[in-house]
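Below are structures written as structure tokens.
Next come two complexes, and both contain chain A; in the first it sits with chain B, in the second with chain C.
Presenting the complex of A and B:
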């Protein structure tokens, strides 16, 4: 266990290095004007520009620029090109928004995915099963930006059932306003995953139902409900739970960008999207690395959880 | 062997049909059996003969939307075939228990074995967890599991094949059933372990008066453990009798084929193991003719209609078979060939 975690941490360092190099390289290939001019502003003296060039290493080769960037990132005084705000302050401000969106949506898609998957599997081949499958496929196929815009327009603007985007702090508007504003984003973000999870769980349940140990459970005299809950569902949940961990990492690590942008949640994802469109490399670097950390950490947690849920798996 | 007592389990004209896309499969077609307390009744036959379906049907495990089950199977006079699902649930695992072929796949891989047995006890009996656990420990010891105190918390994959089958047996016995169905209990095990498991079943039967239905294709196991034998072919019983009757005076050519296809240590080993030519008939298209006739070298006109299961020798009843040949003809044809096969070489090739 200890060795496993150490090996994962070493792996993470390698992953983060690779990710940072690739992102940095990409943004150096894209024509990016001269960042120092942007940073110095319209009324600037050549001395100011020269100072910025020296500080960021823009007069040096790309490797030096990378090292300078990473130094700033490591010490925490990385600022954006555009408005020269501290990147970490911006992330800190946006992170609660992103986490609120991600955690709420993750709970929603897990609960709904499991409920629909079980319901669908116990009625496999029937009309409701077919209907759920069709809905799941629609949920998987519909793009977030389209669906988001649609519900925003109809439920938010036309009918006025829900606020038209925006994020409200709990401290500011209370728990209810917070959840009320997040309801549409949660649903839209969760829809894709509900579709995937219900399909996967349905398939696993149907497969597990044919296992010999399920027949044993029936032979023991358990009721169909007990067989389903204690034997079929328990084993079928293992792949779903691991999937959950992975997807949660992906959503926090950048997968919720579209939802945040559509509903104007001012989270990390939206900050990321704005930074990319302005070719503002420092925030992009910081957020990409943060996302990679989330994904690697959650992957590790998933592997540990997997071994805990299925005793046949050993961590090695 | 002819205990006059009321049988523990009486199966009467059991029929199981599966509706499939290829048509209706007559998996079990009119099987009648009696099982008495303390008796081991073996059902033998090759794959697809309907022996396992018979066993699973007694447990209610073949019930489903595409299954038609007719006939009766009375356990203590109570019919298992017509019992409603919730009543059957209370019987199975309690009065009627089953041991499956492959203990690794039959045990839940992610649950500790002790918990899996406790679960069965708690469904049927009003005990608390500690009492149930005590009984599980006792059971594990009884079926010969060393260090039962630690093994009770093992996962199935941490035990050997023989230990796993002992766990399955302990589980089956956990609510003191009257009838134990053993569906190929030793097929997935090493030969040395097989003998241990058979000894265990025999011992338990002698101690508790358990009635055992032993489903197997292994005549060695039959000779070892069974009191009476029913030979099944294409969903029907083709011959039935005591072990001695069946081994000393086999009457149906299919039984000869089964007996002839086992190797014997007291005979020279043939270059090629004898087997029954041809393959079992499709169960979707059975007519009135003897189902074994296409594979039988002794078939004649009478085989166009399969005779009922009847005693060939009225002097010595209790050993019925379904072959149209006269008893004398059977005894004359039943010759052992050089390769050990019995009476199944074409008549002109047979060496007498």
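Presenting the complex of A and C:
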């Protein structure tokens, strides 16, 4: 176990290093990408540009620039080129928004996915099977930004049931306003996953039901409900917990950009999109690394959980 | 319809996708109506021969733009999926066949791709490359070229197919027919591409429609964020992006391209599912992993 974690940590460092190099390279090899020109503005003298180059270290060799950026990233002193604000302060501001969206949606899709999955597994071949398949297909075929726009238009504007996007702090508007504003984003984001989750869960439940230990549980006189809850569901949860860890990492690590954009939630994703469009490397670098950390850490947790839940799996 | 749109776009359309008409009028229910009202609200669907689905804020015909957008989206989706497939076949087979250090390098590269959210990487690449174009050796792509998003989508999706292929090859390479080929003195590349490749083609076939669907969706997302197809070129993603700005006054501009997009991706996914059922009942769907 200890060795497994150490190996994973080393692998993680390598992956993060590679990610940082890729991001740095993307923005440093492009033509017309020189940040000093954009920072100095359109009407600037060569002297001004030169001064910026020296002040920000753009005149140094590219490897030095990279090392410098990584040092700043590690110490938290990274400053964006365009707004010239501390990147971590900006991320800290947006992170609660992104986390609220991602956690709420993740709980929703997991709960709904499990409920639907169990329901349809106990009534295999029924109408819910069909419904789940349709829902799963919709989930992988409908772009979240379009669905968000439609929901915004019909439920938000036409019917006026929900506010048209925006984010309200708990401290500012109370718990109710916070949840009320997030309700549409949560639902839209969760809708994309519910179908797939319930389909996977239904599949594993149907498989597990034929296992010997389930027959034993029934034979010793447990009710169907107890068998389902204590034995079948427990083993059947493994694949969707894995899925959950991965998807949650992806959503939190930047996959929520589209949802944030369409509901104007001012989260980290939107900050990322803005920074990219201004070719502002420091925030892009910080957010990509942060996203990668989330994904890699969650992947590792999932692997460990996997082994903890199912003793047949060894970490090797 | 969407798949065939590229073929008939020119014949059906009685105008061009970029033609703007801010001051003209169109006949709706026997009345002449401004295509774009003085305060900037475009006409809604007329269901007539001109402006069938209405106009956008620049007075361009939405129905015509949809068809041309279909062409762009299909091109990017198909090329992207083809690039993914080619790269994944090469990487997956090479990694699985040679194992050892080659496999280690390729697998770690895949880990890196896996760790970065596809959308983050796609947006970063999209913005960076569409700004300056690409100049790598003999390969030159203009800033607005459709090849750029196709290439980006093709590269960032490689993991989806390369990983399962590698796994399959790892098993296949131990089988007798590979040993027999080796005993006959067949070279590495020969074994890989004429012995192993045909054996994994069913997996490739199962994945292809799904990759295609995913590429179309990713293209729309990138274009929506301004990192894909560049205006004035049309794509369903850019059209939705433009439509959302006037969502309240003219929702048709958002709804129409979205419906096209959903129908297209949905049909590709349905095709993918049927192929999967037909060929390999046990193959796992990419998105269920």
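Just so it is clear, the second predicted complex is superposed on the first by the 296 of 316 C-alpha atoms of A that agree within 3 Å, B and C clash if a C-alpha of one lies under 4 Å from a C-alpha of the other, contacts with A are read in each partner's own complex, and residues count from 1 in each chain.
Going forward, contacts are C-beta pairs under 8 Å (C-beta built on N, C-alpha and C of every residue); 3 or more make two chains touch, one makes a residue touch a chain.
Given the structure is predicted, the values throughout are model-derived calculations rather than measurements.
Enquirer: Given the superposition on chain A, are chain B and chain C in a clash or a fit?
Expert: After superposition on chain A, chain B vs chain C: fit, no clash.
Enquirer: Just chain B (first), just chain C (second), both, or neither: which does A:200 touch?
Expert: Second partner only, chain C.
Enquirer: Looking at the overlay, what does A:296 touch: chain B (first), chain C (second), both, or neither?
Expert: second
Enquirer: Touching A:141, do we find chain B (first), chain C (second), both, or neither?
Expert: So A:141 only meets chain C here.
Enquirer: What is the C-alpha-centre angle with chain A at the apex and chain B, chain C at the ends, nearest 10 degrees?
Expert: It is 90 degrees after superposition, to the nearest 10.
Enquirer: Which of the two, chain B or chain C, is in touch with more residues of chain A?
Expert: The larger set of chain A residues in touch belongs to C.
Enquirer: With both complexes overlaid on chain A, does A:276 touch chain B (first), chain C (second), both or neither?
Expert: Only chain C; A:276 stays clear of chain B.
Enquirer: After the superposition on A, what does A:219 contact: first (chain B), second (chain C), both or neither?
Expert: After superposition on chain A, A:219 lies in contact with chain B alone.
Enquirer: Quick one: is A:153 in contact with chain B, with chain C, with both, or with neither? Answer first, second, both or neither.
Expert: The answer is second: A:153 touches chain C but not chain B.
Enquirer: Considering only C-alpha atoms, give the closest distance between chain B and chain C in the superposition, rounded to the nearest Å.
Expert: Superposed on chain A, the two chains' closest C-alpha atoms are separated by 19 Å.
Enquirer: Can you check the complex and tell me which residues of chain C touch chain A?
Expert: Result: residues 108-109, 111-112, 114-121, 123-125, 127-129, 131-133, 135, 213, 217, 220-221, 224-227, 237, 240, 243-244, 247-248, 251, 254-255, 258, 261-262, 265-266, 269-270, 273, 287-289 of chain C touch chain A.
Enquirer: What residues on chain A touch chain B, complex-wise?
Expert: 211-213, 215-223, 226, 230-231, 234-235, 238, 309-312
Enquirer: Give the list of chain B residues in touch with chain A in this complex.
Expert: 59, 61, 86, 89-94, 97-98, 100, 102, 105-111, 119-120, 123-124, 155, 157, 168, 171
Enquirer: Spell out the part of chain A that touches chain C in their complex, as residue ranges.
Expert: Contacts found on chain A: 11, 14-16, 18-19, 22-23, 26-27, 30-33, 137-138, 140-143, 145-146, 149-150, 152-153, 157, 196, 199-200, 243, 250, 253-255, 257-258, 261-262, 272-273, 276-277, 279, 284, 287-288, 291-292, 295-296.
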